[in-house]
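Both complexes shown next keep chain A, but they swap its partner, so chain B is in the first and chain C is in the second.
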Partner chain A sequence: MNIAVLLSMVPDLVEELEIAPSGVALDTQWLRYLLSESDDHALEQALLLKERYGGKVTALALDRGEAEEALYTALARGADEAVKLTGIPEEGWGKRAAAAVVGAVLKESAPDLILTGVQAIDDMDGHMAGALAGILGLPFVGVTRSVDAPGAGKVLVQKEYPGGMAAEIEVDLPAVIGVLSAPQPPRYVPVARIREARKTRTISEREAPSVAAPEGLVIRRLFKPEPAERAEMLDGTPEEMARQIVTILENRGLVR
Partner chain B sequence: MSTSGQDVWVYVEHLKGEVLGHTYELLGKGREVAGALGGRLVAVLAGSAVQPLASTLGVADSVLCIEDAGLAEFTPEGHGAVLRALAEKDPPRLMLFGATSAGMDLAALTSATMGIPLVVNCKEIGIEDDRVVVTSQMCGGKLLGEVETGGNMVALTVLPGAFPSQKGLSDRAPTVQNLPSPVPLEGVRTRVTRLLEPEAGDVDITRAPVLIAVGRGIQRQDNLPLAEELAGLLGGAVCASRPVIDQGWLPLTRQVGKSGMVVKPKFYLALGISGASEHVEGMKDSELTIAVNSDPRAPIFDVADYGVAADMFDVLPILTEELRARKPSAP
Partner chain C sequence: MCGGSCPLAFAMEYTPRHSIYLLKEGLLDQVLKSNTLWLCVSCYNCTSRCPSGLKITDVLFPALRDAAMSAGHTLPAEFKKALDNTYRYGNSFGEAPRKRMDWARGAGVPVPIISQLKRPVEALWLVECYPAYHPRNQLQAQAMARVLHSMGVDFAVLGPEERCVGDCERLSGEAGLFESLVEKNIALFDKYEYDEIVTADPHAFNSLTRIYPDATGRQFPVRHYVEFLAARMDALRPLLGNRIEARVTYHDNCCLGRMSGLYESPRELLRAIPGISLVEMPFTRENALCCGGGGGGMWLDTVIWQAAHERLSDRRVAHALSTGADILAVSCPFEASRFEDALKSTGNEGKIVVKDIVELLDESAGTRGGMPA
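Coming up: the complex of A and B.
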């Protein structure tokens, strides 16, 4: 089975987000882009499938932020090929435009299975997995916690629902799956292995094809919510704050 | 793209014969928005033998009820094909979906197949001079975007909890329009084979009066006993956000949030949890919430009653010590 995994880079929330002077984009000067968490799980899911059933895993990323690091890491973790799409505008694309570009590339390579995270923290005008499925006309299920391939020509996924429920769904291949999490935590590779991949492996580069951008939305402004609109913040030393918590609990009859 | 009317459609989500609570939040807001647009509010109910559910959707001007064995269980492909066919015939202005497991799949797919814009995770919807203006939440609640959509059809996914469900409830009997599926469903390439119930046997966190909730800030599985001990002292249980469950440190039954449990304990202590909407929707109705987070801007502080901006490993041992000292049996 040929599996393509799409890796998208999203802002690192450990850094303070700054809004660009335009007011409608993030100030990229202060941004660090990291691999989106559910894409990390999508890669793990792809590698699990490959280990179990054989096949080939190709990781694909738009050239943004630490994309190269993510691609070398993917190779070190077990991906067979890594592709970087270049020619991405500085401010990036909306999700639907990005999906149109990636969709054009995947249409050519025609993998059996396309895995990507179900949602990224910077999604605003869409989610990648569903958008890709729509563009490619492929069957699609998102919010999965496991993907298995017990029979030929199809995958068996578990889609999560509220309250701990899930549905088991059979999906004919080729298909797009939006992964929420893999059945096991993304594997860790030592930095030395990633460094080695940087020396011995290559990332193939491809100019992003130009495709008609889907009708967009007008972003009027990006803004940060007022902090702590609701909570009454306790202050003092950790001891003092811990005692205040105890007092609050006592006043509510919660200390037994 | 085809020009659209002014109607507002709400996709009705249901699971195991019950309409999801979130659908009523959409209907309540949809009612208001349809009024401002001068259109009708239409509830789209697709499934098999779902007509009895229509009686709970009286806030809508009409219910489009599409029944077909092929729609019995949700698949983005099957339900998406039906929705698309209906919307192409009688285009609405706005399609509202929950930002839920089914809603986000369906909205993303429908937006791409129909070529209509989509704004996800909306927490505000307004009408300004016939323009639909929405606020979308991003970056785990640390960023908001105000977006204007054009004059044609647009799809939105709406965050659970953004609007009150009260306004979506009504005793009125709705007008129900029964339709067969407008498209054949035999060729659908996705098939639900079974529903999986949550694993039983572990602690039922929905019944615990006190919950000590740990997030990624707990850092290591070795640190869990710190939370367990506190839970023991307060007669409660330990629950967690998704990353802790994904690491396999606690079973799925302990997960609070969108794909976990919805809990309403007397006391919820959030330790090292950022407050992403997917987590918050599972705990926002707790009677008392105290959050400990080293980041003073963490969105969890917008939900908590009391906030402690500090390292949990500084606060937790003292809190446990103080509570242990208050136990009558304490040595």
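Coming up: the complex of A and C.
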């Protein structure tokens, strides 16, 4: 089975985020990027499938921030190939435009299974995976916690639903899966292996194809959360405070 | 000898001695699957007593951990996070390198950064990660800055450029990470001019005196502050004007004690403080019990607790309490927070105060007045 894993680099929150003078983007001067957490799980999931059933894992990343580090780490962890898509505009792309570009690349390579994180801190509503499936016209399941491939031409995924419910779904391949978590935490890769990968492996570079970027949301203003009105502190014994809370909720019409 | 000397052997599935025998029989897998390799806190007890001179702490345990990592074993979560963080940010906390100097704001004295001074200095002070980022340990760094300043030492720090020396990462079995830290640190050490390196971190001292030379074929002029200050007693003593009327007991840490034999300098510094009377606790000097924080122990507390139902720091504060001392003096950043936590978790909070020697010097010199950054 040929598996493609899409790795996205997201802003590293260890640095304070600043807003660029344009007022609609993050200031990238100090920004570092790291691999999005659920993509890390998607990679782990791909490697687990490969170990169990054989096949080939290709890691794919848009050239942003420390994408190269993420790709070498993927190779060190067991990926067979790494591809970096270059020619990304400085300000990056919206998720839908990025999905269109990645979709064009994956259409050519036509892997059996495409795995990516179901969401990212810059894609909380999880557009990427779904948009990719839409563009490629493939089946899509998101929020999975395990992907297995017991038979040919299909995968069996476990998907979570609200309220602690889970479903097991059989999906025909090729398909796109939005991974929430792999069945085991992403493995640790010793730094020596990453250093070796840097010396002995190569990342293939590919110019991002130009595709018409679909209309998406337009950011009008980016701002830090503004502090709400001052909090009201309640005093008294637990019973008195409970009574006060009930009164407040009643006055606001929140309970009857 | 190692099995009987190891303070955590009772909780290990195989004692160090038993592990060595299993390995001799080619049963590596069996050892790797046991809890043994995660319970070593690099106290060097076994090493210092081994009649055959086996490097159990420096070689055997790191090699076992390396083998487990290379075989793709799932690592304890906190431990993995600390290694990932050190690789990415140069500190196990996962803090921004830009915040490395935040502690200095509370020092109350200037803390020059060597790249900005643009001239040679007498002492390059390696602050190290815990004093730079951990709120309790920042107080130790601030005290150190004030003491150096009032002694008139011409010092500077590396500031945001500084990276972990890597002693705990090395003992954690992360040879590649250690190698990359060594390369980066050597390049930094070579970039500036100074007469010597001083650090308050015994683990950094351990690696810089014994391991960096092996790895690079070079010697580094490094001293722990207990030695550095004890050698400057003439400048220090006149500053120590405030009396500290207290019984003080000193905890010999593993790296300064067993590995370097620095038993006198810390005691000499304490005795120089007027008012202090020094009492010894059970198990001192080469027999001192480890605080449990070394060699990755800081990130393995959960695993160790699950196996042993105690931390070594819990046991060690009991030794200190048995002396009836008012103050437990330490000379390592890990210990201040570990012993304070142990006092709380064993219900002994307030019964003894934990202070770094440099904090006591600072107090006696009346330079005190800092606050957490």
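The working rule: the second predicted complex is superposed on the first by the 223 of 256 C-alpha atoms of A that agree within 3 Å, B and C clash if a C-alpha of one lies under 4 Å from a C-alpha of the other, contacts with A are read in each partner's own complex, and residues count from 1 in each chain.
Just so it is clear, a contact is a pair of C-beta atoms (placed from the backbone, for glycine too) under 8 Å apart; a residue touches a chain by one contact, two chains touch by 3 or more.
Note that this is a predicted model, so its numbers are computed, not measured.
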Query = Quick one: chain B or chain C, who's touching more of chain A?
reply = B
Query = Thinking of the overlay built on chain A, is A:L34 touched by chain B (first), by chain C (second), by both, or by neither?
reply = second
Task = Give one of first, second, both or neither to describe whether A:P185 is in contact with chain B, with chain C, with both, or with none.
result = both
Message = Output check: A:A110 vs chain B and chain C. Expected answer is one of first, second, both, neither. What do you get?
response = neither
Inquiry  = Which partner chains sit in contact with A:V218 here, chain B, chain C, both or neither? Use first/second/both/neither.
reply    = first
Query = With the two structures laid over each other on chain A, which partner does A:Y161 touch: chain B (first), chain C (second), both, or neither?
reply = first
Query = In the superposed arrangement, does A:R195 touch chain B (first), chain C (second), both or neither?
reply = second
Inquiry  = If I apply the document's touch criterion, which positions on chain A are contacted by chain B in one structure and by chain C in the other?
reply    = 184-185
Note = Given the complex, residues on chain C that touch chain A span 66, 69-70, 72, 74-75, 77, 80, 83-84, 87-89, 94-96, 98, 174-177, 179-180
Ask   = Inside the complex, what are the residues of chain A that reach chain C?
value = 14-15, 30, 34, 184-185, 187-188, 190-195
Query = Mind pulling up the chain A residues that touch chain B in the complex?
reply = 11, 13, 16-17, 26, 37, 41, 96, 99, 118-119, 121-127, 129-135, 137, 139-143, 156, 158-172, 175, 178, 180-181, 184-185, 214-225, 227-234, 238-239, 241-246, 248-249, 252, 254-256
Of chain B, residues touching chain A in the complex = 1, 15-16, 20, 73-77, 100-102, 104-105, 107-113, 115-121, 133, 136, 138-150, 188-199, 210, 234-235, 242-243, 246-248, 252-253, 255, 258-262, 266-267, 274, 288, 290-291, 296-297, 299, 301-311, 314-315, 318-319, 322-323, 326
